[in-house]
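Let me give you the structure first, and then I'll get to my questions.
Each chain carries a letter (A, B, C and D) given by its place in the written order, and its residues are counted from 1.
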Amino acid sequence: MAELTYLGAILEAEKEEMARDPRVILIGEDIALYSASGALGKLDPKRTWNAPISELGFSGMAVGAAMTGLRPIVDLTIASFVYLACDQIINQAAKIRFMTGGQASVPVVFRMSMWHNGANAAQHSDRPYPMFMNVPGLKVIAPATPADMKGMLKSAIRDDDPVLVFEDNDLWGKKEAVATDPDHLVPIGKAAVRRAGTDVTIVSIAGCLPHADAAVGQLAKEEVSAELIDVRSLVPLDRATILESVARTGRLVVVDYAHRTAGAAAEIAAIVAEEGFATLRAPIQRVTTPDVQIPFSPKLERPLYPNKDRIVAAARRILH
Amino acid sequence: MAELTYLGAILEAEKEEMARDPRVILIGEDIALYSASGALGKLDPKRTWNAPISELGFSGMAVGAAMTGLRPIVDLTIASFVYLACDQIINQAAKIRFMTGGQASVPVVFRMSMWHNGANAAQHSDRPYPMFMNVPGLKVIAPATPADMKGMLKSAIRDDDPVLVFEDNDLWGKKEAVATDPDHLVPIGKAAVRRAGTDVTIVSIAGCLPHADAAVGQLAKEEVSAELIDVRSLVPLDRATILESVARTGRLVVVDYAHRTAGAAAEIAAIVAEEGFATLRAPIQRVTTPDVQIPFSPKLERPLYPNKDRIVAAARRILH
Amino acid sequence: MSLQVDQRREAYRRMLAIRSFEQALPKRIAAGEIPGSVHSSVGQEATLVGACMALRDDDYITGTHRSHGHPIAKGARLAPLMAELMGRATGVCKGRGGSMHLADRSVGIIGESAIVGAGIPLATGAGLSALVRGTGQVSVAFFGDGAANQGVLYECLNMAAIWKLPVIFLCENNLYAATTPASTTHAQPDIAKRAAGFDIPGVIVDGQDLDAVFEATCVAVKRARRGEGPSLIEAKTYRFDEHAIGIFMPSHYRTADEVEHYRRERDPLALYRMRLLEAGHGEPELAGIEHSVAQAVDDALAFAKGSPHPAPDSIFDFLYSNPIGQQA
Amino acid sequence: MSLQVDQRREAYRRMLAIRSFEQALPKRIAAGEIPGSVHSSVGQEATLVGACMALRDDDYITGTHRSHGHPIAKGARLAPLMAELMGRATGVCKGRGGSMHLADRSVGIIGESAIVGAGIPLATGAGLSALVRGTGQVSVAFFGDGAANQGVLYECLNMAAIWKLPVIFLCENNLYAATTPASTTHAQPDIAKRAAGFDIPGVIVDGQDLDAVFEATCVAVKRARRGEGPSLIEAKTYRFDEHAIGIFMPSHYRTADEVEHYRRERDPLALYRMRLLEAGHGEPELAGIEHSVAQAVDDALAFAKGSPHPAPDSIFDFLYSNPIGQQA
């Protein structure tokens, strides 16, 4: 085990996988920067491609490279730029294996970070994972701890399907002990039960985990036993763990930084309303960012996101 | 009133609005075709722009034109091409009014048709409205009848915000009597109760309406009184009409052609599980297209979509 | 570079195979055996085959919605293509792809994209892959004049140039994009001229002349394999049929005279046949090829019709490398 | 075309306003008064002002993430810009936009887009709009060398050319995109050369020379207003500061010598000041301008600091033309 930050975990995962597998390459804007900084060690120039600002083009190139023997990692830097690459991700990466009857695999990873509370305003603050959840053929992950980030990013790089990795820049500085074994993977598709509880199930998505965790702590002081599930992977989604928990607690709060309408929280609520209805004893609560663009002013931005108080309040609403 | 097909309603709405307001222009690929055919009458060449295949470019141009005094209608033809234009729709059209503190309006309409059962395969068969529902600042409509299409498309053209209009090519040939008054509008944001009922609420999205209607007919034969709501508008969504209906029936089936995960049906299910839980007497049912790409083979494609039998089966599951 | 004797035979065979394959389709569509619509490459055979004859078997190509010609030009077997058009389980894409997506991986095709222009970055990426893996392969992106207005082309020209990727950008300029004449949507008529801004050679060839296309492609391939980077080739060609067959398509956008002129004077098959005769290939030899191609198309039709449809419960196959537990 | 006496004064005033405005920021960031980071246009003032001096007040422009220079060059008042940087309700964008988005509509700015390249189609569309409405307005898209690799530029060059739109594509080529030298991401160094493929004039000017930029823009504007279509102008310029201020930015990607050279030899303000003196503008006159600009920046700071923050419950304002019933 070694102490790693969330950001360090990303670099470590890339470094290990690039060392392990010569097919792994990196492509993105300004990445000469971090390879130059030595963060990835000494690398063959043919393994890191410092790209022009051409998101659609190099994302599509990564798909073409993935079909022909490489395993590219595309660094899209900030998630708000992914819209430029949507056609290649949705119409190509997600569809090619299916559309060719399995003649081709598309082992490509698209990484992107989501920014909060940095006064970056509407064009640099999106959390667009919900839209990709609606696209069959993609896998979508949003790890919330350094250990998960390292283990799941490594799983993503070794996966034969396209994987979108959403990183929360809120978490970049977060530190914890992480496995150093280069073959230690965290599987894609399994949620983590962070705290066991009996009164209410709190499902946390991506960077909401610290807030949800704080909320569970607060609820414990009020003698409420909350179970905390960190979904980690949005597609595939670990329905079983969520349903099993709600079957015991009868109550569900879903916490998500993304916009409310047709988001990840809506999907989890719908699954439980459909398959867990018999055990549900109270209205499902979604604690999300409201449907508004992200403003520049920190005074406007900060209150928008889910936080401990909003989560605790949601739990209280359905407990009493 | 005059008999119009769904496709005819689109042309009639465009023709009337172009006659009414010189600021309305049309831009898209191969549209010289339908203006040449006379479908829009005699038009100033400065009002119809037969575009190169440059979806991102001309969508962005429409946004720029909308900010400077025009009211462009962008014909993206098939919805699967919208991914190319996502950046301009999501990062610009949806954000500009907010991001500039109201200095600019973006009265632009993006039209796109969704294809079913035509053996068009994965790259021509998407129903991508769910992803745009997650983007604040956009309005999203999916009318299911000629009268609604005419009245709502006209409302969209007169709206000061960007509106995405999803058309179902299943419905193109559908005919009905439509108001000829050029000022007859159908408002955006109001659902239509197509059939009143007391035992179960069936919420239909876009082109599912004929199937849902057939299902209601079938259920009536079985002495089940189903209420049928056609949402028509996805953003804004008429929550009140849905919640009020479920409050009476206690049961909900949501029918949608789009993929299941994080789709429009998930949002409606989540709203009811959150705000209508007290009145809900049975699990919510989503009848959707499963999370798989659309195959070429008609034998594979046809069974994927919601149809009368699947809707009736879903209703039965929660009635008995 | 010019084609050797048996290469000439093979080139003629492939051009004829495209033509005969395409010409067999309307009847099958009318009979309801082929669902949907098809986009035929009749008229453009010399461009497709001329380019592919300059390639190794393991070189990559990407094509377009007009997807039947590319695999045949690259040497694909006809039967799995025809079975795909009929949506059968034995189709090259297991019935999932259909007419706009006849990508046959066994001959190096990594995509026939029905999203106009979207195959271009795939081919560029395959070139990058070949470079990284050091295989000496090249990659050809086929695209239309319409596709040449998609911005992604310029992004890829630039990246291929700065990284000296072994990629050939091959524009099939058939003068129209669906119903839209290139003359109304292109600032100037020569797409090849757009290459100079990216320091890439841009050449124009007569796309109805197989040898001309072959030679230009050979030059580009040599350059690419030597590590000198990409080229753009614009083949001026013509589509003899309507944009699509099996769906209503207006024809007002070009004159009957123009179509007639190309069919009569600029038919790549007729032109090449004449050239073969001049070069000493006798009538019997050509008739032999013609007979065998006709037979191959008949065999493909029989194979396709005799093949099973995919089973509805196989719907989730090929979506992911492993099933992830989707629900029907 | 050359600038008249009072235009020269105004040009100097605007350049100086950009410089002084930008230079006031680091202290305010350090003091926590400006949240986030800012991208300064110091070094690029002659390009911005030279181009805008050739425009009418009602002409349109779109800018970039480096968004302070464009509005000031177009004549905007400083106070609402500064208030915006401080996230105040009196800001030009009511505190919603911030540093990357100082679009001031009152001077014709229809977008400062932080999505690299995305302002280009907006400006092209404004040109189309001017043409349709017959107003004689022109539209200028400012964009960087980095943005020049976004495909959308070529889509817009082409459409502007075929429809003869009154649009000027103005590339601020400051040699770097964030940490990436243009020499590593552009197939050849001159972005202007990419215009020829679209039959558009492409000219290169010294972006540190206000008069040169002004003259080139005048030619393009005249052409545009006459209905002859678009032009591309590439101004070779240089960014004196780091890519962004207020966030960690490495500086290894260019040498200190290079930066020093530009600051010393190629400072557009110093160069223009010298030219004004040569042209007979006396020291007292220039000192007067300098004093009034310093005062204006101070006033802007005071206005901004004295302004209220937006009220949290106003969050849904400006999202739609009418509230649609969003939930907090």
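Here are some notes:
Here is the rule we go by: contacts are C-beta pairs under 8 Å (C-beta built on N, C-alpha and C of every residue); 3 or more make two chains touch, one makes a residue touch a chain.
Fair warning: this is a prediction, and the values are worked out from it, not measured in the lab.
Removing chain D from consideration leaves the other chains connected by touching as one piece.
Two chain pairs, B-D and B-C, are compared here, and B-D has more C-beta pairs in contact (counted per touch definition above). Spacing of chain A relative to chain B, judged by their CA centroids, is 30 angstrom.
Chain D has its Cα centroid 39 Å from the Cα centroid of chain B. Mean C-alpha position of chain C lies 45 Å from that of chain D. Rounded to whole angstrom, the centroid-to-centroid distance between chain B and chain C, based on C-alpha atoms, equals 36 Å. Counting partners per residue, chain B has 51-52, 54, 56-57, 80, 84, 87, 91, 98-99, 121-123, 136-137, 235, 291-293, 295 as the residues that reach two or more other chains. For chain C, residues touching at least two other chains, in rising order: 93, 95-97, 101, 113, 115, 149-152, 155, 158, 162, 184-186, 319, 326. Contact topology of the protein chains: fully connected, every pair of chains touching.
Across the complex, chain A meets chain B through its residues 56, 80, 83-84, 86-87, 90-91, 94-95, 98-99, 121-123, 126, 128, 130-131, 133-137, 235, 237, 258-259, 261-267, 269-270, 272-275, 277-278, 280, 282-286, 291-293, 295.
Interface residues of chain A, counted against chain C in their complex, comprise 25, 46-47, 49, 51-52, 54, 56-70, 72, 87-88, 91-92, 96-105, 136-137, 139, 159-161, 189, 235-236.
Partner chain B is touched in their complex by these residues of chain C: 35-36, 84, 87-88, 93, 95-101, 113-117, 146-147, 149-151, 177-180, 184-186, 250, 252-253, 309-310, 312, 314-316, 319, 326-328. Residues 60, 62, 91-97, 101, 103-105, 110-111, 113, 115, 118, 120-133, 139, 151-152, 155-156, 158-159, 162-163, 317-321, 324-326 of chain D touch chain B in their complex. Per the touch definition, chain D reaches chain C in the complex via residues 149-155, 157-158, 161-162, 184-188, 193-200.
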